[in-house]
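Here come two complexes built around subunit A, the first alongside subunit B, the second alongside subunit C.
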Partner chain A sequence: MQRRRFLQGTGLLAAGQILPISLVELAFAEAGQNFAFAYISDSHIQHIKGSQFVRNWDRGLIRAVAETNLLSPKPDFIVFGGDLAQLGSKEELDHGAEMLSALKGKVHHVMGEHDYYLDLGEYWSRLFGPHYYSFDHKGVHFVVLNSILTDDDWIYRRWPTPQQRMAEMAGLDNPNGSPFMVGEKQRQWLKDDLAKLDRTTPLVVFSHSPLQKIYKGWNFWTEDAEEVQNLLKDFRKVTVLYGHVHQIQYNRIGAISFNSVMATAWPWPYPTAYAQAGEVHLPKLTVPMNRADPFFERDATGWQFIDMASGNVDLHYTLYENRSRVVRFNPQTGQPEDSVYQTESARMAPQNHY
Partner chain B sequence: MNATKSSTLAVMLLAATGAFADEFTAADEQRWMQEFMTVQQEGRKLWTSPELGTNGVACAQCHPNAANTHPETYPKFQKQLGKVVALWEMVNWCLRNPLQGKPLAADDPKMTALLSYATYERRGVKLEPGKH
Partner chain C sequence: MYTLFPPDLRARIAARFHRRHLISALIILLLLFLWPALGLVDPLGLPPVPIPPDNPQTEAKIALGKKLFEDVRFSSTGKVSCATCHDPAKSFTDSPLKVSEGIDKLTGTRNAPTVVNAAYLTSQFWDGRSPSLEDQALHPFLNPVEMGLPNHDPIVKIARTDPEYAKAFKEVFGKSGDQVTMKEVTQAIAGFERTVLAGDSPFDRWYFGGEKSALEPAQVRGFQVFVGQGRCVSCHVVEQTQALFTDNRFHNIGVGINAIQSQVPALAGAFLEAKAKGANVDIAVLTDKKTSELGRFAVTSQFDDLGGFKTPTLRNIALTAPYMHDGSLASLRDVVNHYDNGGAAKAGNKVNDFLSGGIRPLGLSDAQKDDLVAFLLSLTSPQYAAPTQPAAAPKKK
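Up next is the complex of A and B:
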């Protein structure tokens, strides 16, 4: 066993505030093989006009980038989990890419619906590359899926303009939206991609939408989630990391661990907080994050780093107005668990959502 | 005289039992509900509109289906404002800050519409004024 230390400095840009510096220890099973990577997601950079962008969302991304650069030792790479833009425009993607260019390290990008539905990912692709792909790093196989596709009728025939198509999909609670899906073509690609691998290879899948069905009304949902899960289930160590939901969720389905990541832009309520929601399948292992305090504009937003100590994922959430949280894979129970707030008796009063 | 008085009284008593009282008709109720639904639907349009503030941000961006506005807990003490406030004052806080816009008068029809929508989405939840 070897222990190394991650120095996590925060608040570089928040002049006048107290700078919370905390040490986070990461235990590594075997030195040399192990590594950490950082994950930033859902920045929703929003163009107003000319050179004006919504300041609040800009600050979220700038802060996450600055803090990620302060990680020591440096993460091996950075993932951006999608929804860099709010309405998919060239201005928004360019402005977002410019802020991300300050990151020291290789960035792997995931497609979000807010990046996609204006021009179907064309400009995004020119900046960041293919919509789905895989790569290997230190013995772990990483897969990036574009999980926010939907049926062709909705994409190509329903809306008179690309702008309206984008606006309709951008509203989380808009009944004119359409369920996300990975689609048959990409599932076939995934099957072929995984066929080369030994089932003992640790596997990590990045998607924007959860590859599970949580709440259809807000598209916390992937229509062909079960089909995708079927392709993953035979791997011994498999983790799905997703953005989109702007809140902490984690659970396990069969052998697959699921973890969500935070947004840098704004938090979302849990679907169970919507009185008319009807059927909600909020992952039952999840210890909810605190309700956001609107008076602190970065509250309930954040970013995270992830260490692959044992081939499973330990996820360290950096939360701005709250204590940071760690969701670790527990080898005894075989599922991800909050390291502090897992049990009912350990929770704090403001964690009630109503 | 006495006979007339007592017969008038009898008629009034009879009316008070409800047999001849003016009930709200189904048409009345339908119309009133229609009026309300029109206003709350107008509220939904404003809630999702990028035009309400000045920066394109809509209420629904953070509050899909007006969730986490918990109208049933107002009026309540809002420590950041230092006093007990009604929901319309919090709506104005949001208009000024995340939406970078102008506050609305308490009786502005747009404010009534926004409150109607947020409250309608929360229907069925018991009132708990002051709750945090």
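Up next is the complex of A and C:
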């Protein structure tokens, strides 16, 4: 009747999977160039009233922050991948920012739709800075995109109140919703930003939505994904990291690797499990997560630390009440692969008892 | 400690047999008596006891294990046996001690977990650092604050040379002299421990036996809190046919670690470093209070296990105060309040950052708390509640 034992063979050390304490030393010519960063995303801090917030979402973020602070050596920086708030309010963003302030290290923020559609990112920007930007770190070029924009008509002319606009964009399978996009202005900026770079520079792009088309109904989707991919495809080592989907996904399209990061709030099911979904393009490489156990509120949520030693992304998922997973870039096959479960024969059995 | 067949039933069974079947009947009767002794009859509310294939139960092995369990010679002072901290008269704990006392009144860091129903656990010790009863039995002998032996040699020597033991090991394992090792010693102890069971409580008679009057109305209401608003059953599992009251998992419920929150990064780092250099986990967690509070993390080095401890059974809980891995909560009411506060002994205290999901304020009323405690009192098995001779008689004859 055992539901799932995340550690087989109790009493044994989970060798090789211990604290992510030592980073792989290779790849960059100079060892000093090796680095790792942490990635926390999708906390969906939700205001109830007064000083009350949804406790479950608070606990998820608090725990991820506390664990990130345990990393040794310390990550070079931390990325927050968007959807810090649930409905974009000042209260939510302030409360989230306060919890994030416990992080030891520089935090780079990515805009999520739940942060944006109330005031179009104005208050968020006062807390965290520009909506899109780039920076360089130890030889890697990082780009942060605001990928959750949509067309001006929907944003400016369709809704009587900002609150309704926010609520419409927050829903799944909402016929009143609108597909995400990076937009022409930002694509032009990206083109200019990348023009300065040598094509051998390792490139990492952070976006909230996947810069690929998976399932439109839940906006696991970016409308102008192909145009953005076109701007990235000539780089030798290029990775897109995205939140929003609250589940493990990874993919390779042409020369571009894609990796999702987990939510600290709740897991989403895979859209392939949704009978009414219609057309779903779940990335073929992805070995899905096993289903979360509803007894445990933190199950199938988590955070990740990312090892950049190879110039590609090795992504270590820290999953609560569940087996942690590592998705590494495999230089032989040229694609991201799960370090344990990639082959059909190595898959873990799905959870079938509650 | 076992339910015997009532005499009238035995008589009726025997009467069904014709005189010429007397011998068969006698054999059957003999088996009927042997089954419970071999642990083959499951008390109400318990599944069959898992028996490892390489350590089958025999009556002689169980008796030998009991004798070893109670032998004070297996300690450096000659005064401490397994039964010192796992006293049959106290449901195999050392209630009312907060943390156990070993040799020379030295104290450890943890409240003695009961042996009762340990046979069903998938790992042993509060942090699960041992995978089996056989392995578990090796460690307290050598821990400096428990039985304090420098190594297992003194035990093996007594087992080989004491005439009663020599005879028993020969009978049970067919081994003598140098062939008797800690393997046989711990197999016998584990064999005995697999007979230390508790079912047949008023709750079992009510829930599994359909005996409506077995519980008081307050206890019935308390069970509804247990499976409902109290959310106890999420970890203290009750199933359709059995109730072990544990999920065999480890949870950070805000006991112990709440007090050392700001020190966790330093403590966790220092512990991992010491462990990498070969420090003994068993000794570290029982001799250093702060290291102890790292919980399951000390075993697995996983973030997810910080401050996590194994879900204990709730059987005989009325007999085993104080509670939690550190004995920090004096009464069942205190325990209920701790959970009601969402993982803090006092309302309003800060909970720790690593708190397990599912631990959250419950909003129980005083009446619900009273009922829940009343329900917990229904989990006492009769042979422990009013200890009968075999269950109570500890120590020497």
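Keep this in mind: the second predicted complex is superposed on the first by the 320 of 354 C-alpha atoms of A that agree within 3 Å, B and C clash if a C-alpha of one lies under 4 Å from a C-alpha of the other, contacts with A are read in each partner's own complex, and residues count from 1 in each chain.
The working rule: a contact is a pair of C-beta atoms (placed from the backbone, for glycine too) under 8 Å apart; a residue touches a chain by one contact, two chains touch by 3 or more.
A quick note: this is a predicted structure, and the numbers were derived from the prediction, not measured.
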If we overlay the two complexes on their shared chain A, which of subunit B and subunit C does A:N56 touch? Say first, second, both or neither.
both
Of the two partner chains, subunit B (first) and subunit C (second), which one does A:L197 touch, if any: first, second, both, or neither?
neither
Going by the contact rule set out at the top, does A:E297 touch subunit B (first), subunit C (second), both, or neither?
both
First (subunit B), second (subunit C), both or neither: which does A:V326 touch?
neither
Which holds for A:W218: it touches subunit B only (first), subunit C only (second), both, or neither?
first
Touch check for A:L172: first (subunit B), second (subunit C), both, or neither?
first
Is A:V280 in contact with subunit B, with subunit C, with both, or with neither (first, second, both, neither)?
neither
Where does A:S72 make contact in the superposed view: on subunit B (first), on subunit C (second), on both, or on neither?
second
Could you give the residue numbers on subunit A that contact subunit B in one complex and subunit C in the other?
56, 295, 297
Contacts from subunit C onto subunit A in the complex sit at residues 122-123, 128-131, 135, 234, 239, 247-248, 264-265, 268-269, 272, 299-304, 342, 353-358, 360-361
Which residues of subunit A touch subunit B in the complex?
44, 46-48, 52, 54, 56, 86, 171-174, 217-218, 266-269, 271, 273-277, 291-295, 297, 353-354
Contact set on subunit B toward subunit A in their complex:
48, 54-57, 60-65, 67-68, 70, 73, 80, 93-94, 97-98, 121-125, 131
For the complex, give me every residue of subunit A touching subunit C.
1-3, 5-7, 9-14, 17-19, 21, 55-56, 59, 62-63, 65-67, 69-70, 72, 295-299, 318-321, 324
